[in-house]
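Shared between the two complexes below is chain A, which has chain B as its partner in the first and chain C in the second.
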Partner chain A sequence: MLQTTPAASQSAEPPKPILQLVGIRKSFGAFTAVDTIDLDVREGEFLTIVGPSGSGKTTLLRMLAGMDTPSEGNITLHGQLINDVPPNKRPTCLVFQSLALFPHKSVGENIAFPLKVKGVDAAARKARALELMRVVRLPENYFDKNVMKCSGGERQRVALARALAYDPEVLFFDEPLSAIDYKLKKTLEKELKDLHRETGKTFIYITHSLEEAMVMSDRIGVMRAGRIVQIGTPEEIYGAPVDRFVCEFVGEVNTLKVKRGPDGAWQGVDVPGRFTLAPPRDGKTLDEAFVVVRPEFMRILGPDESADNRLEGVVYNEYSLGSRIQYQVRVGAKVMLVELSRGRALPASADRKVTLGWDAADAFTLES
Partner chain B sequence: MADLAIAPPRQEAAPEGAAQLRHARMLSVGARCALPVALLLGIGFLAPLVAIFGYAFATPRSFDVFTSFTLANFATLFDTTNTVWLSFFWSCGLALLTVAILAVVAYPIAYGLNLVFGRWSALISVFFVFPLFVSENVRLYGWVLFFIKNGVLDGTLKWLGLAGGPEVLYSPGITLFGMVYTYLPFMLFPMTLGLALVPRDLVDAARDLGAGRLFIWREIELPLAMPGILIGMLLTFVLAIGATAEAKILGGQSIIVISHDIEIAFTYSQNWPLGSALAVLVTFFIGALTLFALSKLDLDRMLGRR
Partner chain C sequence: MGHKRTNAAIWTWTLFVLVAIYLPIVCGALASFNKSRYFGFPIKTYSTEWWQKTLDSIEIGMIVKTSISIALLVTVFSVVIATFGALAFARYEWKGRKLYQKLILLPIFFPQPVLGLAMLLGFNAVGIQTSWMTAVFAHMIWIVPVVTLVIAIQVYGFDPSLEEAAYDLGCSRTQVFREVTLPLLWPGIWSGMLFAFLLSWSNFPLSLYTTGADSTIPEWLYAKMVAGYTPMVPALGTMATLGAACLLLAGGLIGLLLRRRAAA
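Right after this comes the complex of A and B.
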C-alpha cells in the first residue's frame, strides 16, 4: 500500500481492509491498461480513484466488479481470492456510467430486480423497493412510472436504489454523475456522501473530476498510465502532492524550472532570479527541480510587503471566477497565475506592472 | 394527396389575386414528392385490387366484371363439400409451423451474428443473403435434385454401398422444409436487428445484480429483442401463408395450398370470379390478422419509449 505521508500512518489503527489488490495487472495485447496496482480498500470507506481518461481506472473497476479478470495479481475480498468469481456471485455492485436501467421496466421493477433474482415474493419486493425509494428521495408514486420518463437526476436515484436493493458489501460507481448538469451534480454528490454515511457500506468511486473526488471521498487515489501515483486523504492530495502530475491534476498551478547555481543557491531557468525553496519532501538532494505554486498562494505584493521569493511581471488578463479573480501575469516568457479574493482585487486604475511574491512554505519542490 | 398548401402571405407579392391564388393551388412540396410513388401504387397495387374485388362479385365463370353482382362465388367457397377449407388449413398450419421452427432456428444464428462471430459476421450474413439472388424455383428444383431417387443424396449413398437416401420428396414434410429454408433470411435479419438493439450494458448490469444467464435472457434480452423477433414472425407468416412453389415443386402437389387453389381457379378452370372471391377472403384474413397483431404489439412501449 502506498502510504505517502507520515501523518496518515500516525493516525489511529486504520479499519481492516475489505478488498485487497496485490500486483494487479491487466493487458490487452501489447497494451497494459492497469500496471501493477497494490491497494487496500478499508471497510466502510469512500475511496475515489481519479485520473484522466485512458489512465486505466475503468479497467480497474471492471476487474473489481468481476467483468474483467486480471492478467496478473490477486484480488481478495475478506481474505478470499475472488479473481475468477463472476459478477453475479460477488457481493459487490456497480452503478454504470450509462446507469444501465432496464427501459422496459418501471421504476419499481428496476429497483426490485435484484430481489426478483433472489426469488423474493412480489409483496416483499414492493415493500423493500418503496423503502429504498424513500432512502434515495424518490416520491412513492414513481413506483409505476416508466423509468425512461424520469429526469436525469431521478434516473441516478433509481440506479442507486437498484444497487442498494442488491445489498452489496461494496458499491462501485463508474462516473455516474458525468452527464448531469453542474447544480444537480453538486446536490447528488452531497446526497451520495450522506448515503455513504447512512449505509456504512464501502464505496469505490471512479471519476476524472478531482473536484467531485474532493467533495465526497475519505481517500483519493490518483491514477496515471495504469498506476496509482498517490493515495491519501483529500487534504494530503491537495497539500502534499508527490509529483507534478498530481499537482497539475489537482488544479491550475504555476510551475517554474530551477537549478542549482555554482554557489548552491536555486536559480530560475526560464525566469531570472534566485529562489528560496523548501527542501524536497523526500529529502533528496537535487540539482534540478520544479517549483510548483498554486495560484491562490501567489500574492501581488504592495510596496511595503515582503515574501521569500519575488518576481516582476505585467498583468495582461483577468478572469472572474465568481468569488475570486484570476490574473494572468507575464513574467519574461512565462505566464503566472494569481488568484485573489474579490475583496482584494487590483483597482482598475492600478499599475499593470506588479510584483509577485510567494513564501517557500507555500510551494512544493518536486523532482520532475 | 389533396392537401393543398396554404401559401403564407408574402410581402413582395403586392398585387393580390391571380398570382397568389395560383400559388395557393399548387401542391405542397411533400405532396409533389409523393406523387410518383402515389401514381405507381395507384396503378400497380390499388387498381388490380379493385379489379379483383370487382371480379369477386361477378357471375361465376364469366368476365362480366362491374356489370353483374352476385354472392354466388362466396357461397361456393363456404359450401362445405368444397375442399377449399382443407387448402386453407394446410396454408395456415404450414405457415404457423414455419414461423415456429424459424423462431427456434434463427435465434441462435442471430445471437451469433451479434455476439459470437465477431468479424466473421458480415461474411456469414452474406451467405444467408446470397441464395436470394437465385430464383426461388431454381433453388427448390435444386433440392429436388438433391433428394430425388438416384439424385445427389440417394445416388451418393448408393455409390458408397449404403442403402440409399430416405424417400422424403413429395410429402407435406418436405414442403415445410422448403418453406423454412426459403424464409430463413426473412426471420433472421429482423431478429438480428432486434437483438442488436439490446444494450450490452444492461446484460452486464443484470449479471452484476446477481442474475444468471437464463434469468437475464428471460427478463432482459428476450423482451428487449421482442420487437425484431415479432416483426420477423409477422413477415414470415404473411409470406408463408401465400407460398405455393414449395408445395408444388417439393411437395409435388401432395397437398394443395390456398394460393395454389387461387391459381387453379384463374388458369386451369378459367373461373376468375371464384379465384377473385378466394383471393379477397385470404387478403381480408391476413389483413385482419396482421392488424390485430400490430394493435396488440405496442413496439414503443416494449422498448420503454412510452
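Right after this comes the complex of A and C.
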C-alpha cells in the first residue's frame, strides 16, 4: 500500500517562496545598512537571520515589516510588489525586541488589540484572546492582569499571542529573547519552534546568537556588513561554513594561517610545522589559507595515537563547561582551544606538555 | 556625635525654608481676618467681615470670572498646541528640530514685563483692541513653551516602538494616536493642564499690559495695594491661593486615581 507522508510530498515539491527579495539595498545617507540582498523565503519555513550588531539585520527586518522602504530593489509577497505597502496593510506582524506591549492595557486587551482594531465585537474578541492564551500557555486568569506585572517569560507569550491575533501570514521576530535568562530562553525557544509547527505560518527570526538560530530554524542566513554571506540549514552552516567569519560566528574556533611552501606543501605562518589539509571549497587553488579547527575536533594525543596534523603545546588554563572541559594550550605565540568530555579529562600534573592533533577531514580550509 | 549635629543642621535648615515660604501666606490670611481697615500686628479683633464683603462684591465677581475665563482658554489652547509641539520636540527626528527645541523654550526666559510691553505695542501696531481675549494670547506666548516642556518629558519616557507596534497590528494613524499615543501621554497632558491653568491664574506682568479695560485678580490686588487698600485685598489673595491649592490637590488626586486604576 502506498501512502505519501507529508514529509515525502514536501521533499518532492519544494515549497514556493512566499516572500521574495530582489536586489534589496538600504542606505542612510552615505551609510549602506543593507547591501544588495536576494532572498527567497519559503512558505511555512522558520528562517533565522543571524549577524553581529550593525550587520543590517534589523534594517532588513524593518523593510520586510514595512517600517522602512528599500532604497533599491523589490520585495514581493505572493508575487505582488509590497515595497510601499504600509505595515497596517501587510499580512505580516513583527514581535519587537522590546516586545512593545501596551502598558496601559491588560494582558487580554493587549492580545485582543488587533481584533479591536479590525472591529470585532467584544465577546468574540475575548473568546479569541482566551483561545490564544491557551495556545501560548498563559493561564486564563491572566486575562485582566496588568501586563507590566507579568514576568519576562509571560510578556513574551503575551507578545506572541497578540501577534497571532492579527493572524499574519508571516511573523517577524526582532531578537525578542535577548533579555531573557538562559534557562527560560531555552524553554521559550523550543515553545516557539512548537508553535511554528502548530500554526504552519512563516517565521522570520533575527538574532545575534547562532546558538538560538541553530535550535529553532529550518534555515539560517548569516549576515555581515549588510550582506547575506551564507544561507542554509543549520547543518550546512555548522558543517560547511563558507568563510572564517561564519566559522567564528558558530562558536569559538582555532584558526591557523598557512601558506604554500616552495614544495607546494602547506606550512604554518604563526606556528611552525607542515600541515595536511582538506582541499578548499569549490576546488579553488590557494597560496594562502586559514585552517579552522573546532575545539571539539582538536584532540590531545596519547603516546601511541596519531593524527594527520600535530602541534606541541603547554596547557596553561582549563575551564569547566559542565559536561565538557575546555583547555587553553599555548603553541608558540598562539593559544589553541581543546574541548574534551569530562570522562577524558587530563590528569592534573605540574608539567602539562601535550601533543595536539587533528585530522584533515575535521577541519576547514578557508580562503579568508 | 557628628552625625547628630548634621541631622540637627538639616532639620533647622528645612524648617527655615518652609517658614520662609509659607509664613507670608499665613500673614496674608491673618490680615484678611483683621477687623480694622489697616493692617498691623498684633491683631486686636478678628472678623470675617472682609471675606463676606469680598464674596458679595460684584466688581470682584467680574474680576474672578475674567481670571477663570482667561485661565480656562489658555489651558485648552496650550495643551492642544503643546501636545503636538511636544511630539515634534521629543518624538520625531526632523530637520531643524534642534533649532526648534531652542526657539520654543526661549520665551520662558524673556523678562515677562518686557514681553508684556512688547505684546501691547504689537497689538497696537496691528490695530487690535486689547481686552481679556488678547491676554489669553499673551499668556500663551509664555505658557505654551512651559507646557510643551512638561509634556515632552512624558514623550521622552515612552517607547516609540509602541506606536510602531500598533501601526503594524493594523491601526490607522488616527487609531494609533487614540489607542496608544494619547493614553500614554495622558499623565503629562494632565500635569500640563494644571501648569497652564495655575500659571495663567497667577500671572501679573503679562496681564497688566494686555487685558486692556478688563482686570484679573493679580491686577486688582496690585491696583488696590497702590490705592484704596482694604482687607479685601488679602482676603481675595488668600481665596485665590486656596483655590489654586484645591485645584492642585484635586488634580493630584485624580492623577493618582488614574494611575491606581491603570495599575490594577
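To be clear about the criterion, the second predicted complex is superposed on the first by the 353 of 368 C-alpha atoms of A that agree within 3 Å, B and C clash if a C-alpha of one lies under 4 Å from a C-alpha of the other, contacts with A are read in each partner's own complex, and residues count from 1 in each chain.
Just so we're on the same page, contacts are C-beta pairs under 8 Å (C-beta built on N, C-alpha and C of every residue); 3 or more make two chains touch, one makes a residue touch a chain.
None of these values were measured; they are calculated from a predicted model.
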{"item": "Combined model on chain A where chain B meets chain C, clash or fit", "value": "clash"}
{"item": "Which of chain B and chain C A:Met67 touches, first, second, both or neither", "value": "both"}
{"item": "Partner chain in contact with A:Val147 - chain B first, chain C second, else both or neither", "value": "first"}
{"item": "Which of chain B and chain C A:Arg162 touches, first, second, both or neither", "value": "both"}
{"item": "Touched partner set for A:Val117, first chain B, second chain C, both or neither", "value": "both"}
{"item": "First (chain B), second (chain C), both or neither touched by A:Asn88", "value": "both"}
{"item": "Shared chain A surface residues [contacts with chain B and with chain C]", "value": "65-67, 86-88, 92-94, 96, 98, 100, 102-104, 113-114, 117-118, 146, 148, 162-163, 166"}
{"item": "Residue numbers on chain B that touch chain A, as the complex places them", "value": "199, 201-202, 204-212, 215, 219-220, 223-224, 302-306"}
{"item": "Residue ranges of chain A touching chain C (in the complex, touch as defined)", "value": "65-67, 86-88, 92-94, 96-98, 100, 102-104, 113-114, 117-118, 146, 148-149, 162-163, 166"}
{"item": "In the complex, chain A residues that touch chain B", "value": "65-67, 86-88, 92-94, 96, 98, 100, 102-105, 113-114, 116-118, 146-148, 162-163, 165-166"}
{"item": "Chain A-touching residues of chain C, taken from the complex the two chains share", "value": "159, 161-162, 164-172, 175, 179-180, 183-184, 262-264"}
